[in-house]
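Same chain, two partners: chain A is paired with chain B first, then with chain C.
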Partner chain A sequence: MLDWVIANLPLIVAIALPIAIPLVLFHLLPLLVLMERRGAGVIQDRSGPHRAAVNLQLKSIPGIFNDAVPGLRLRAFGMIYNVTDLVKGLSKEFFIPPFAYPGWYVIAPAIPVMVGVLTPAVIPWFGDMATSVGTIHGTIFPTANGLLLLFALSSLSVYGVVLGAWSSNSKYSLLGGVRSSAMMISYEVSMGLAVLGLLLIYGSFSLQDAVTWQSTHTWGVFVQPIGFLLFLISLFAETCRNPFDVTEGESEIVGGYHTEYNGIRFMLYMTAEYLHIAVGSVLIATLFLGGYQLLPVPGWDTDWLREHLGKVALALSIVTALLLFGFVKLILGRRTHNAAGHATDREVRVREYGIYAAAFSGLAIGTLALGGLAAATLWHNPVPAAGAFWSPVVLTVTALIQFHIIIAKALVFSWLFVWVRWTLPRFRYDQIMDLGWKVLLNVALVNLLITAVVAKLIKEAW
Partner chain B sequence: MLGSLDAIIGPLYFWAFSLVAVCCALGVLTTRHPLHGAVCLIGVLLAMAGLYALLGSPYVAVLQVLVYAGAIMVLMVFVLMVLNQARDDHTPRFDLLSIAGLLLPLGVASVSVNVLAGANALHGPAQGGALEGSVANLAPRLFDTTAAGPGYYLLFELIGVLLLVAIVAAVLLAKRSLAGEPSVTKTEDAAHGH
Partner chain C sequence: MAKVVPRPELNFWERIYFIEIFKGLATTLGHARKGLTDPAHFPTVNYPEEKPELPRDYRARHRLMKRADGSPRCVACYMCSTACPARCINIVAETSPDRHIEKRPVKFEIDLLLCVFCGYCVEACPCDAIRMDTKLGVMVHDNRADFVIDKTKLMDWDPKDYPVDDLTSQSAPGGARHADALARLQSGSDH
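Moving on, here comes the complex of A and B:
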């Protein structure tokens, strides 16, 4: 059995990865929603989501719980709201407005979700692993046309919005749909042109090649800073979020394209929005920030990481643990604040924050222990001689670390999405069109021209 | 193991894509709603992209989705939505002229089916040894600017000029004021001012 597994490992990974990656992305969604709500609270100086809670009545444990302090309340920083949202969405009636076109109305919300699940297929999640039984690819669909395929698929997601808007058969929906199709077309142009400069430098459409180039030279953001900005702005427009959310524009056209949607179909649109944020963040991390590469140091490629696996694991675990301890300090601050207050449920609050502090301290210590274990066993791994291969443990740990690196970079950009949404007001429709066609397009063209000339002049030096 | 899988899955995909393409093409012809027709056309284009990929040209397949399904058809749908065309129940599906128009595609189809059947070309996807239609293979040939080269780049440049001419013509048509109607500009500006 084990022999069979080892002999067919590339095939098994090729089958498991398409299941695992969407699962991971879908598990990021509650985190992104939470990030959005807490971020909105922080930026607008509100307390954010803090009511929904899980109440545990644990009076039966003597000595710990008593009648004076009833039970245990866990709010999980607002995470409980995700559960309530899902239950609400799923338990609502599957209502189709009598004036809508039922077929398209039902199908439309699925299209953007489908696109959001398909696009991660071309992103390299970890470096390719050469083993004695064949190469294990870190990409679900390793193709030379990766970036083109990604753009092609994501250009289809607008149909979900347009068909949903049209099939709702209401004025507001139609206005939202018209706006969104015009905006997406406009910004796809500048998005493509922004990336073209980068492609000239990488010399390939393959995202794997893009990451490899960045690990041997430097990150894309340093060679194409203007392209990076253009791409970022276009990405904001493509996800239809503030300041580009004229498609929803609740102060003008009620809810835009999803005015007539409710229940689980409305949630599908929301799922697609956050999926697009997640995938867009991963894409920008891959194209401009070295993908799964740790730091923008030339030569710190996958082989370097494997050689210095123990040291890197230890350093990363220390950084992670420090961040977690910083978070614990914040939690303890809230605990002290509540303990000094006069709320009627003071005891419950203090206990709640105590449990959070304990949990995250445990997580930090666990991370440190894992890092220490990795450092003790994998401190130095010499590069195998020609014809030999890395040990499976080294390969697995490397893949996990690289996967975490790219997810961490993507989360930073997801926070940027939230930050921008709650900071900038919505642009007017004509401002959006002016920005797209009169500013971004021209800057992108000039950037492409300069990049082409420079790349042609110094390409031989690479 | 994977090779034998290809031999089974390849024809399956071929028939699936062909079925979708033909059904959607019939839908384009028979539907009475312009937006239904547009969505059917998108289906045809996507199925064609799948067929291109089966033929060993992933680059063309991806461009088909990117350009036709993802850009041109979005524009078409945009225009249909702006005009908000309703169902057309008045125009008859078939008249004498459309029957006459059927003859030409039927003729082309019969000739190509004859040729293809004679060549026994339905062997499934491209076999090993065939040149894959990738960027790396396509670009050096397309942009071979040497004198001995095929000179495709000249056609490429000419198509670029043609597209530019089309854009200029579209701008000219849209801006009637250039042809000497200043009053139109004034009202247009006033209308766009808010």
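Moving on, here comes the complex of A and C:
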């Protein structure tokens, strides 16, 4: 079995990767929604989502649960709301307004989601693996023009918005759609110019090359700090997030482009918004923060990681376990707080937090055990001689670690999206256009000019 | 004349807005940190499971005070229903068998759907017969008729939930000072 797996490894990965990566992104969505709700709560001094729960009445187990001790209730930190949202969206009537153009109205919400699922295809999730049976690419669609493809795809998502807005046949929807397209055009320019400076340095359109350059030199954010900020601001505008969320506005244009949408079609638009946040976060991590590389140290590339796999795995598992134990401490704080309270369901609350604490402690210990196992078996792996290959275990573990690194970086940026949304007031529409055309564009042009001159001089000097 | 509200003058660093963004982010991060690590600082109360501590003078559903023998203190003087801006109190009086008290209520109804919980009835009452200190802020019934509460419901309260001197603290009929006065009256020492 194992021999067969190793013999057909590239084929298996080639089939599994295009299915796995969008699935992973979809699994990030509940986390992002939870982050948004909980983040909104704690930033505004509220408690956030805390009602929807899975109730388990396990009274039949003697000694543990009886009539005096009520059952189990799991709220999963508000994660249950995602389930209820989905059930609600799916159980609503598939209503099409009588004044809408039915065909386009139905198709439109699918376009942004489709784009959100397609864009991860060009992002390198782990370093290329050279095996005895051929190379496995960390990119689903390895191409030299990955960045161009990415921009082409992400520009398509506005079609879903504009098409939905137009086919709704309502003035509020149309206004939202027009705003969205105008913002897209304005900020696509400065976004492209911000990346151009980076491209001059990397010397390639391939995202894989971008990560490789960053692993041999330093992260893009250090060579292009202004480009990074420009790209970040443009990304906020592209995803129509606060402070650029003029495409929807209760006080001006009701719900904006999705005014006439309801049920699961409305939720598709929401899904697309969060998918874009996830993809945008991964993209900015790839372009500016070294992608799947661990730290901005020159020479710490994929082969270095494979060589020192055991040490890195141990260090990462310790860091992860510390973070998890910190989380357990927060949970225990909640538990103490609830135990001291006067709620009628105090028992259930205390038991609930106890279970969370136990689960996350177990997770932390499991992480430590995995790290220890990796350290014991893969402490030092000699670089294979020319013509030879790394063992499949080393390659697979490296790929998994790199994948988790890029997801972790992306989650940090996803939090930034949430954080900024609940901090800044939204811009007025004319202020957005002012910022886009009069500030960002000029700064991006000057940045590009300076980058070009400096890059040329440095390359001449070498 | 329109009042001119002076706008605070922004300095250069505030006008470029960029640094202010980071200040704002620091503020919200502080709140987020506090919210995650210190659950006690939330003003939120998980309502049905946790009840907020209501202030002593919170105006909730009414109750009718009782004399020592359990009859209502109310003398059916109509002061409360006269004071009521919502006209939600409906009293029907009859002659009291007690010769010291002129009238007593046969019917004392409050329509809680009309009531605006202003507390004027409590202030108007000359003998402290009606109070709004039950702390019953939430009333749930499935038909309108149940929101009209009668004398029995208004007098259905447990003395354990209220201060001990509740029954005897007042000078109204049934109260301690009234009892003293009655005793003096009966013994003839008042004259």
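Operating definition for what follows: the second predicted complex is superposed on the first by the 451 of 462 C-alpha atoms of A that agree within 3 Å, B and C clash if a C-alpha of one lies under 4 Å from a C-alpha of the other, contacts with A are read in each partner's own complex, and residues count from 1 in each chain.
Please note the rule applied: a contact is a pair of C-beta atoms (placed from the backbone, for glycine too) under 8 Å apart; a residue touches a chain by one contact, two chains touch by 3 or more.
From a predicted model like this one, the values you see are computed outputs, not experimental measurements.
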Joint occupancy of chain A by chain B and chain C, clash or fit: fit
Touching partner for A:93 - first (chain B), second (chain C), both, neither: neither
Partner chain in contact with A:158 - chain B first, chain C second, else both or neither: first
Chain B versus chain C as contact partner of A:181, first or second or both or neither: first
Where the C-alpha centre of chain A sits as vertex, the angle toward chain B and chain C in the overlay (nearest 10 degrees): 120
Touching partner for A:423 - first (chain B), second (chain C), both, neither: second
Chain B versus chain C as contact partner of A:205, first or second or both or neither: first
First (chain B), second (chain C), both or neither touched by A:3: neither
Chain B versus chain C as contact partner of A:148, first or second or both or neither: first
Minimum distance between Cα atoms of chain B and chain C in the superposition (Å): 19
Shared contact residues on chain A - chain B and chain C: none
For the chain C and chain A complex, residues of the former touching the latter: 21, 24-25, 27-29, 31-32, 34-44, 46, 48-51
Chain A residues within the chain C interface of the complex: 39, 41-47, 50, 330, 333-334, 337, 341-345, 419-420, 422-424
Chain A-facing residues of chain B, complex: 2, 35, 39, 42, 58-59, 62-63, 65-66, 69-71, 74-75, 77-78, 81-82, 84, 134-136, 192
For the chain A and chain B complex, residues of the former touching the latter: 11, 104, 143-145, 148-149, 151-153, 155-156, 158-159, 162-163, 165-166, 174, 177-178, 181-182, 184-185, 188, 205, 430
